[in-house]
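By letter and in written order, the chains are A, B, C and D; residue numbering begins at 1 in each of them.
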Amino acid sequence: MIIVLRPDATREQKDHVIKKIKSLGFQAHVSEGTERTIIGAIGDEAALQTVPLEAIPGVEKVLPILKPFKLASRDFRPENTIVTVGKEAIGGKRIAIVAGPCAVENKTLLVEIAKSVKDAGANFLRGGAFKPRTSPYAFQGLEEEGLKYLADARERTGLPIVTEVMDVRDIDLIAKYADILQIGARNMQNFRLLKEVGLCKKPILLKRGISATIKEWLMSAEYIMAGGNRDVILCERGIRTYETATRNTLDLSAVPVLKQMTHLPVVVDPSHAVGKWDLVAPMAKAAVAAGADGLLIEVHSNPEEALCDGEQSLKPKAFKQLMDEMRPIAAAVGREI
Amino acid sequence: MIIVLRPDATREQKDHVIKKIKSLGFQAHVSEGTERTIIGAIGDEAALQTVPLEAIPGVEKVLPILKPFKLASRDFRPENTIVTVGKEAIGGKRIAIVAGPCAVENKTLLVEIAKSVKDAGANFLRGGAFKPRTSPYAFQGLEEEGLKYLADARERTGLPIVTEVMDVRDIDLIAKYADILQIGARNMQNFRLLKEVGLCKKPILLKRGISATIKEWLMSAEYIMAGGNRDVILCERGIRTYETATRNTLDLSAVPVLKQMTHLPVVVDPSHAVGKWDLVAPMAKAAVAAGADGLLIEVHSNPEEALCDGEQSLKPKAFKQLMDEMRPIAAAVGREI
Amino acid sequence: MIIVLRPDATREQKDHVIKKIKSLGFQAHVSEGTERTIIGAIGDEAALQTVPLEAIPGVEKVLPILKPFKLASRDFRPENTIVTVGKEAIGGKRIAIVAGPCAVENKTLLVEIAKSVKDAGANFLRGGAFKPRTSPYAFQGLEEEGLKYLADARERTGLPIVTEVMDVRDIDLIAKYADILQIGARNMQNFRLLKEVGLCKKPILLKRGISATIKEWLMSAEYIMAGGNRDVILCERGIRTYETATRNTLDLSAVPVLKQMTHLPVVVDPSHAVGKWDLVAPMAKAAVAAGADGLLIEVHSNPEEALCDGEQSLKPKAFKQLMDEMRPIAAAVGREI
Amino acid sequence: MIIVLRPDATREQKDHVIKKIKSLGFQAHVSEGTERTIIGAIGDEAALQTVPLEAIPGVEKVLPILKPFKLASRDFRPENTIVTVGKEAIGGKRIAIVAGPCAVENKTLLVEIAKSVKDAGANFLRGGAFKPRTSPYAFQGLEEEGLKYLADARERTGLPIVTEVMDVRDIDLIAKYADILQIGARNMQNFRLLKEVGLCKKPILLKRGISATIKEWLMSAEYIMAGGNRDVILCERGIRTYETATRNTLDLSAVPVLKQMTHLPVVVDPSHAVGKWDLVAPMAKAAVAAGADGLLIEVHSNPEEALCDGEQSLKPKAFKQLMDEMRPIAAAVGREI
């Protein structure tokens, strides 16, 4: 931690800062520059990160040296984490394709979609039984009934299932049915939910908050990992910007940035990012080229009747075509689909 | 709802859209323009807002005419809502001043701060017992012990208390102690929490999400109100932008915008918005001038030892001075403090 | 154009709006909805887009139906524009690779870099002779001397050159040397410069403004095209968001969005977007997969001595490797490099 | 400047960084921390700010200690700059009110508006003769004729005039008529224009770029000041965010932030920020309360016929009422109007 003093800081203020740092168990390394005095605090920086050093009179600013997360960082674990679910894995050579409808709507439709995505080569089935909706008047999901349909679809296709958990009270129920629990963008900083899924034995797919920095996102992964659950998958799903031509702005550069900062697998959800079905394919391909470990893609047999996000869903035929088009790109970056 | 067809939409596609609209119980009003055909759907627009009309082939875009919220809108209730708590009120002529520490740290300190803000003219005491922290390693709050200290401080000062709820499982406990429950920015779209506090009998102070639009924020108020709780107070606390000179960017224009769109009271939290104590006073004054119904201000006797957000806390003396400076501004806009 | 009236609009206000629309040569198509009256203005919408209809009492909002640009739109010209420069082209099957240093620094170095990028397969040489720098104290470019070096490098390698113009007074000079004139992000709405290059006979590479919407960007292309110059190439180079892990956020979804909205070629500059050399390769590949017609990539033989943007420059060897890695991706999307 | 090495930096890399720093005339102050080695470069930091230290192998990041601007900083000049224009001043106790139409449209109208704002207490007349318009098809201004009308209005009212310059070729012409030259938001980083107005003898009103950081804005002021013109007035006019309820988001916290960082006067343009006339008054009052040195307010006698920005213009009567309402707020913050 580097503490920069104001140009008008007094001797007493400087001494006070030094004393404070030492009292917290750090060495103080003072450096008198041409225009500013700076003080380096030598020791385990994590212990200082929650101390309000900027509240001390005479301090101009505080510059942290290290990242605020530990378990999630590549410093802590240099090799890639591979999350395995039965015979499937996320983070290895094979790119994981998680496909399915936004919401589980009924049994027949779900099985139909599940079979079609399986045939096209998907590895996982997605579908929401508990849905976070902006409007209290919109369809909120089938809840446990939806989970049962998902389990049934898994039985018929062999595809492990990914579904969202929104409420600490539902974790046990959902974990009974699902293979991977998803934390949605709106709950990325629902810290109680993060803590509780940290105690869960199932892998967690953690979506990036709609305006979360990459650091904040990794801090949320840290919450889960600090609870004991090391199987965290990060999912980029678009961030909020001023641009309205797409639902969100897909931040694909987050993929290589994360690959440097963390050992956790990184998947991309182009469907929620762009919000329009005819933009999904190019962004899915781009995600593969950028190095993503997997993709979440919304597929629906009849988008205009979908109870949720129909406008961004691919029909099974378009999904199959996309799968075929992505394979040579995966090969070009040393992966496979 | 206005549906704009693509220039290349076929006759069949047009007919399909019209049939669809009629099947949903709407009249279709077709208007052939110079370059586009547009179709107006006449009826209760709310029923259409969750139908994925953009997924229909031949549709270029869909333009909603109405706001997606109802109970929260000024159309629904033209007069201002005034939330009363004992002898205090938020939304009336008197500007409500909610002051206190970020987190409840210990009994003595809390009472000391409570007395000082009461003496300076504050109407409410704030303080977190359950703290949402970006880092799992930071101080997470005293929980029920903290609530007891708050109740004790209320008893000694008469100030009603405002404190945050983060978890559906804590609502009953917190409601037992608190006068107003706060939903923090990170939970503005924690829809389960919103639904549950909608069933609660205490007023809810709903902070704006860090990148929530004003419409989304009002949709979250709608969630609470749809559950039966009409006492919702909106709190602007800064939004995320690219600017890093302040912790967030205080969007004061949200105050007059909300005054047009909703009947709910609007308060402002300049402390979290700016993130630095020496910027709080000018922004608090500006909030009063912009028409805010209240302010949340962080006050701490010893900011550099604070367990949370010390860098943005005013000392009691500075808070008192600010209160004195705000009074003539309040008077200038027809209010009082 | 759709005009939505306020719920409290009077009969006189409604009549005034209708009269106004008619006086401007439009038909007024009135539709009385359940909660709002809406008025459609039938006619050439472009003529209405600069009329302040929202300033009329009783008007709640105005919804445009058409895009505000014409010459740049795909409605106007359905087939792709291919910009040709000698034997090279941008917008055809072959992906154009524009490589070179940020700034022209000296003759030897430029020729060395030009040869290396030529050998690796680049089609164009880039290099700034006039540099827009955030600081007045930074290196501002070699000006005409730099242009001469560029022309010399072209002669030695056969690569056409792309270089930036910042000032209306330099257009003739730069056009004498350059094959393509670049308008930088900071000048995307320097309308006088746009007008003047609209009169120029050389193709214009128009970078997206740092926070320009796609619509505003196309309006800037429209400025150039309205002057008579139809050879405009759009260049996505990252937009400003709250995220600081990268210099800007590369908005790759702009590529497929633009492909729907306009016939103009779209290239991508991953170097400026990410700002760090080790993030350039994955984003360059992603851009190819997303359908870009070309790439701008900064290459420098000795980045740590570069006078501009050294931290984001690839060394020639890394550039060559990237070229090799991009070829199969280009092939996978039906293109070639 | 603090240089942080990567945890895997080699001895050779460290030595290379130290050698490099010394070769540039700095002392290197090495500090071996628990997890990182950091190197402080002691000397005139400005000289290092354009060296690409992050391009050096082994360097993880570079942390600047000082601000990158000098002449504009309060370190350089602790007392406030007061810009005087005849008998008027900006930056002193009296708050400067700059009012008038967006664009100069005709002589009669301009004089009418000028008289009305003068009567209401404005100190300056604003009006554009050269207009930067997003669309090439919109009204572009009356050019020199407009300047003559402005001069005529000045003669009749005594109000000094503020008008925009967009093109280096117009500076002499505009400076012949205007009292203050305005650089618009879109030209804030038109560095050639900044350089040229730095040679001009008239004060410059520099609007903040639509997504400029406060630091970048001050760097643009520095460009002007480095040319010799020290009379720079900064104008906050709203920044681009994701929120669409207002045209831009007025960043009022920029006012106190700038007051700490610079000695230059700071004015606020609420009209362009909010984009709707009925939101202007509360934000104008808030700006005064926040400590602004002046306001730019758009006034038009007949907004619905305005050729530019009619929807955000106040009528003279509403302007007069606002002036009356702002006076007690100005008094409350120790200023006058």
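Points worth noting:
Everything below uses one rule, namely that a residue touches a chain if its C-beta (ideal position, glycine included) is under 8 Å from a C-beta of that chain, and two chains touch if they have at least 3 such contacts.
Note that the structure is predicted; figures quoted are calculated from it, not measured.
Where touching is counted per the definition, the chains common to chain A and chain D are B, C. Here the chain-to-chain distance from chain A to chain C, counted in touching steps, is 1.
With chains reduced to the mean position of their C-alpha atoms, the one farthest from chain B is C.
Note on interfaces B-C and A-B: more C-beta pairs are in contact across A-B. Chain B has its Cα centroid 26 Å from the Cα centroid of chain A. Centroids built from CA atoms put chain D at 31 Å from chain B. Chain centres here are Cα averages; for chain B and chain C they lie 38 Å apart.
Touching of two or more other chains is recorded for residues 211, 240-242, 244 of chain A.
Interface residues of chain D, counted against chain C in their complex, comprise 20, 46, 49-50, 52-56, 68, 132-139, 166-169, 186-187, 189-192, 194-195, 210-211, 216, 219, 222-223, 226, 240, 276-277, 303-304, 306-307, 309-311, 313.
Those residues of chain B lying in contact with chain C across their complex are 2, 4, 7, 29, 31-36, 38, 40, 42-45, 63, 65-66, 75, 211, 240-242, 244.
Listed in rising order, the residues of chain A touching chain C in the complex are 211, 213-215, 239, 241-246, 249-257, 260, 273-274, 278-279, 282-283, 285-291, 325, 328-329, 331-333.
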